[in-house]
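Letters A, B, C, D and E mark the chains as written, and numbering starts fresh at 1 in each.
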Amino acid sequence: MSKLLKGRAKKVGLPPGTLVHIGEKRIEVTKITIIDYDETHLQERELEKIDECIPYKDSTTIKWINIEGISNIETLEQFGNCFGLHPLVLEDILNTDQRPKVEDYGEYMYIVLKMLYYDEKTNGIITEQISMILGNNFVISFQEGIKGDVFNALRERIRNEKSRMRKMGSDYLAYALIDSIVDTYFIILEKLGEKIEFTEEELVSNPTPKTLQAFHNLKREMIFLRKSVWPLREVISAMERGESPLFKGTTRMYLRDVYDHTIQVIDTIETFRDILSGMLDIYLSSISNRINEVMKVLTIIATIFMPLTFLAGVYGMNFKYMPELEWRWGYPLISLVMVSIGVSMVFYFKRKKWL
Amino acid sequence: MSKLLKGRAKKVGLPPGTLVHIGEKRIEVTKITIIDYDETHLQERELEKIDECIPYKDSTTIKWINIEGISNIETLEQFGNCFGLHPLVLEDILNTDQRPKVEDYGEYMYIVLKMLYYDEKTNGIITEQISMILGNNFVISFQEGIKGDVFNALRERIRNEKSRMRKMGSDYLAYALIDSIVDTYFIILEKLGEKIEFTEEELVSNPTPKTLQAFHNLKREMIFLRKSVWPLREVISAMERGESPLFKGTTRMYLRDVYDHTIQVIDTIETFRDILSGMLDIYLSSISNRINEVMKVLTIIATIFMPLTFLAGVYGMNFKYMPELEWRWGYPLISLVMVSIGVSMVFYFKRKKWL
Amino acid sequence: MSKLLKGRAKKVGLPPGTLVHIGEKRIEVTKITIIDYDETHLQERELEKIDECIPYKDSTTIKWINIEGISNIETLEQFGNCFGLHPLVLEDILNTDQRPKVEDYGEYMYIVLKMLYYDEKTNGIITEQISMILGNNFVISFQEGIKGDVFNALRERIRNEKSRMRKMGSDYLAYALIDSIVDTYFIILEKLGEKIEFTEEELVSNPTPKTLQAFHNLKREMIFLRKSVWPLREVISAMERGESPLFKGTTRMYLRDVYDHTIQVIDTIETFRDILSGMLDIYLSSISNRINEVMKVLTIIATIFMPLTFLAGVYGMNFKYMPELEWRWGYPLISLVMVSIGVSMVFYFKRKKWL
Amino acid sequence: MSKLLKGRAKKVGLPPGTLVHIGEKRIEVTKITIIDYDETHLQERELEKIDECIPYKDSTTIKWINIEGISNIETLEQFGNCFGLHPLVLEDILNTDQRPKVEDYGEYMYIVLKMLYYDEKTNGIITEQISMILGNNFVISFQEGIKGDVFNALRERIRNEKSRMRKMGSDYLAYALIDSIVDTYFIILEKLGEKIEFTEEELVSNPTPKTLQAFHNLKREMIFLRKSVWPLREVISAMERGESPLFKGTTRMYLRDVYDHTIQVIDTIETFRDILSGMLDIYLSSISNRINEVMKVLTIIATIFMPLTFLAGVYGMNFKYMPELEWRWGYPLISLVMVSIGVSMVFYFKRKKWL
Amino acid sequence: MSKLLKGRAKKVGLPPGTLVHIGEKRIEVTKITIIDYDETHLQERELEKIDECIPYKDSTTIKWINIEGISNIETLEQFGNCFGLHPLVLEDILNTDQRPKVEDYGEYMYIVLKMLYYDEKTNGIITEQISMILGNNFVISFQEGIKGDVFNALRERIRNEKSRMRKMGSDYLAYALIDSIVDTYFIILEKLGEKIEFTEEELVSNPTPKTLQAFHNLKREMIFLRKSVWPLREVISAMERGESPLFKGTTRMYLRDVYDHTIQVIDTIETFRDILSGMLDIYLSSISNRINEVMKVLTIIATIFMPLTFLAGVYGMNFKYMPELEWRWGYPLISLVMVSIGVSMVFYFKRKKWL
């Protein structure tokens, strides 16, 4: 959890707009690809130098510039100058510890989202910050660059000449990016749902300290997931309300759809949290129950054998004058007494429903 | 709980508006019935082909088209084209994992609700998604098609020439559909109320691990019920406020009535939740109480018999010179001591209110 | 709790406005009384037939028509037709399972409130639904008719020629009815306050399973009380804001007074809930404390006598060659050892503050 | 807690505006003092009869009339008539069970506040209701009259010719009264802070049932304190927003200051509540911890001595043919076995970290 | 916690605007430094007397006057007169117990913030109140003066002729001060994050009463941190919304950035709180688990050895006629019985999964 803020303290005392990369350095190289398209034409290429994007800047076609790897500060600075981005925007792109937000800078919008992956190796959730600049006819996306490329399906759709994407503007492209990010949350939720089900079964049937640890981790993952998703609601709602002219009416209808998905994700997270907190109650009461069971066994055994042992002890005393010891039927008699004490105890516990 | 999202991940990466059926396939066949009526005339028939509904499209009478079974994507697509439905609407109809919502598409409204059934076999709640399209003089309803037909009572009312339905527009028809859906919630709540009462009695009198499990299931059902009903409040409130011209003033008064019912359902759910969480507290404190009782029995037995057994042990020692052993009254004396120890212990526990 | 909804399911499938009595049938006969008054004149009579109220309908004096017993559906229907009440209003009057609400039907207002009685026999709270129709110069009140008549004090005030009631309109009459209903809540709260105090004392000093049950019942009563009172706040606030012309300015000042009382009732309920939830914490921690005490007694006894018994057991062994047994001072010596073990154990526990 | 409402039920059934004193009768005599001042002149006197205040009524100087002791209903009624107070205001003044509120009656404002004292004898908080009437150039304050006079410091400031009070209007006087009431809350909070610290130390180091009782009382005091202070926020905020012309702009700045103090008081109460609820968690987990410790001691003792006692018991059996008993080294051997069992048990517990 | 309010009670009864220093006296001397700059010129000096700041008052350059040490009331009073500050502002500056707030006095704004330091010695958080007066072309900052000077980095930036600071107005200077204060919160959060991680590991692996104490302290620190940071949100939001003309549009964009940081701090605090409350649950359930484990060991030992000891006791009885004792194979037989009882008990517990 302190990892949450690691590196953030580096910036204390620096003037605003100072570019410092905060977060893990995921990949070193910065890879810039551009897709330039309109209804009839399509061009895809990878840029070697930042300057190469200048000619694209003012064309009327839709441009999607994707930047993978953001740890190279100089490249980013050049890029920012080229597109006239505010220093605070560049600072925010570099700080991978943002919460989802949208900011309207007049000519362009700055959008920050969180991409979530489920890491099979560590059994945990990995977060990648996706920053987007939505201009009048361009979208620039910044990825930390962790894992393959989740936007490939999107590229395929652009390549398809008949797809809706080709007919619509940069706002629809931004929507499509947001949509594919929100879609990945459902995969995470499915994984978590399975883990919850599994952990619950274990907690009820055969809990070990490890199960408790797993339960604890699930709770914590839910806390972080919630933190990533909650602000999204406001972000998308702000875009949908169409306060900026960058989002046109036709696209806003699609944004409403993403908004619904976000609500559904939040709903599911809250449901999971409810279920998890219910699980702990069940677990605690089942431990108490088991303590009670163990106590009963102990008490039954003690209550049966303590009086008997005492009796045996009495007739093990070495007093000279103990008439019972001399009796012919002393031993059978005392055995009978012992058996009847034992039996009546068992009946007593049966009646008390302890047996 | 993960069932909640099963299949949702299928859609990741697909463009919006792609028609994919999400959820269990309940029935295979798609059955389309149409009721075409106004104050004086009434026609009921079952459609074989989608095209057959085209002539009905622009007539001025009220049409109620009911579609049972939505897993056939092609039929739905044709249908959507015929009535000019937005691709996102069709997508939402197919995704049976929606939360209740209402969306205004100008010429028509899209309404999603959840029908709830109580399944006697599994002792659980089954959910069926009901989608509705409310147009100027038609209502189209989409049922997943699980169980008989809950709208039969409604059909009877339409057939009755004197009923209010015949005199009013499509908005009243939509209201009647919504009303009969909300009505079913009361049946579910009654069932749950009975189960809660039963579980509570068991928890207090004779709880078994099974009771705890039943309690747990109740809590979970409440979580899901809540999730289905809460958004309804906003949905109906939005319709009642009359933001769309499709709902006329006279019908809005009836919507207020449904709204009241919804509030009542929500109230009852919250009350049930309060009662359930109170039940757990009672259960936990009664377990603690019982542990305490068991402990007391054990302690009483041990406290009485341990000193006595020790005493018997002492006079069972084989020292050569133990004068007490030779005494004539040694044995009666020691017996007296033992009895008095036992009795005084019992008095001690009486005074401590342990007995 | 399921009683809450019993009978409600009867209505499923029926068209809105169908008159079905929901709830317990309290009394069979319907008794209609009318008080017709203005500043100078006063007439009181009991009506035999509904038609008799027609002449009163359009007079300019203030009329208070009180109907006791609502299970007779036909009478009610006639009555509704006579005064032009909306079918939904009649339906709501018959359904005694409403939550408090106010509805503005233009010419008249429909108000639902809950009268609360404390039943000494069952030690529980009884609820009676009071419906009111406030028209321009009449008030119609519907009582289920459980217990004497709580409005007698009000009638006395009307009979008194100098009272403020005689000078003011039907809105003041409605206010007076509401005020006398809210006043009864204070009696309930006083009763509950006494029960809480009593239960608390028992829980702390000498809790039995019965006390826990009483505590549980108190909590549940609080849940239901809250459900009856919370919506009242909004109801009265809506009337006070004067959205309807039926309530005049002078009466609105009095409504503010009732509003204050309602807030005070709600405050007290919330305080009671806080106190109750604090009581459970105290109870649970005092049980844990007592378990701890019992455990200590057991442990002290076991720790003292187990080693001693073992020692006695050792010298009770029958080995041929046990030199200690032959010693002259063996027995006194071992007795000394035993005593010193016992004493040092006691000191040990003293130091550990267990004694 | 039921004391909260004692006497309130007296009023059930009475018409609004009926004057009934609700609450403890603190003092019998009613003492009326008047301070009549402006920038240049000052007169102080005690009134014998109500009529004496009539000449002051319409003068342009500022008048502060303070009434101590409100149980004399007739005096109050005369007073109310003299200043034209609404019957509901008089009723509220007599009912010392109000929550803090402000009501605007056009020509004057009615303000109710709670003065809090810490009673050293009962170690509890005493509440005194202070009612205020703020008119254009007068302030009337009603005290229940419990304890000396908390407004003396204020009187001194008025007597000082150079103080700001003398230059400002009646609204500033009202502000000064409110300010000195809110100031007393800080004294209460300091007392409670000390008690919390003390109780916490006891709970952690050496809790007795008495400590738990003290903790419980603290929680309850917090509940009541909160109830007195929370509404204050709204009251002062309403005055500060200047909805009434009685409060002028210059005084409103000072009201903002009182508002800040109120927020600080509320903040501190919430902090205290958080701390108290944290304390209970700590207490409960420390009891559980101690149960665990006690259990360990018991288990260690039992685990060591039960097998040993059994062994001793075996060689105490009286079988004729037990070869070990005849061995020369039987006794030393078995002693060795016993010691090694004991030692190995101790090691086992050491490894398990129970010792 | 009561320290929170210590000294506050000193002021009870005093007129508003009376200057009393509330809080610890951190340093005695008051040190006044002034930085007077615009785009081209820069002057730094330390003032000996208050009068020296008069010439700066009306110049058009930007002035930053920093006052360290606020316990000298006279100096402050002179200062206030010189700059025309409202008495309530001076009172608030002296009261170091404020919650963060912003107040608009027309010509200037008064801002109160909390600086937080982590004290390595006491392992606690130290709070320093920073008051700021933002005028048209000056900023006056008041520090309690605890620890070096956190604004040094800011001074360096002003000295740098090319920095943005030199080009912008006093509002940007105020922003920069606020920004550097909020930045310090991230350091605190990192420290707390580490402590939480450490405490959590200890709680799970090897909890001692000390760990519980540490956990308790963490919770309490979180309560106080929250109290300092929550109001900040509103403060900065109020400034950002630009209700005062003192903040210009260009600076407002930067304020939005600080606002984001504040939200992030609040988010992190809430996350920490969630994690802490989860930790307690885990801790409590692991104690219960351990009690259960200990109980099992005890029960196993007792259940195995109690019957055996009883059996040995039986054959230790001294009855004359006990035929078994005379048998040749009595002893081996009974030994066999004992072993088989022990073994079968072990199997029983294995099957019950207690072993």
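Odds and ends about this structure:
Keep this in mind: a contact is a pair of C-beta atoms (placed from the backbone, for glycine too) under 8 Å apart; a residue touches a chain by one contact, two chains touch by 3 or more.
The structure displayed is predicted, hence computed values, not measured ones.
The minimum number of touch steps linking chain A to chain D comes to 2. The distance from the centre of chain B to the centre of chain C, with each centre set as the mean of the Cα atoms, comes to 26 Å. A straight line joining the Cα centres of chain B and chain E is 42 Å long. In chain B, the positions touching at least two other chains are 284, 288, 291, 295, 298, 302, 306, 309, 313, 316-318, 322. Read around the assembly ring beginning with chain B and moving next to chain C, the chains appear as B, C, D, E, A.
By the touch rule above, chain C contacts chain B in their complex via residues 1-6, 8-9, 11-17, 86, 88, 91-92, 97-99, 101, 103, 206, 209, 212-213, 216, 219-220, 223-224, 227, 280, 283-284, 287-288, 290-291, 294-295, 297-298, 301-302, 305-306, 308-309, 312-313, 315-318, 322, 324-328, 330-331, 334-335, 338. Those residues of chain E whose C-beta lies close enough to touch chain A in the complex are 153-154, 157, 163-165, 176, 179-180, 183-184, 186-187, 189-190, 192-194, 196-197, 204, 253-254, 256-257, 260, 263-264, 267-268, 271-272, 274-275, 278, 281-282, 284-286, 288-289, 291-292, 295-296, 298-299, 302-303, 306-307, 309-310, 313-314, 316-322, 353-354.
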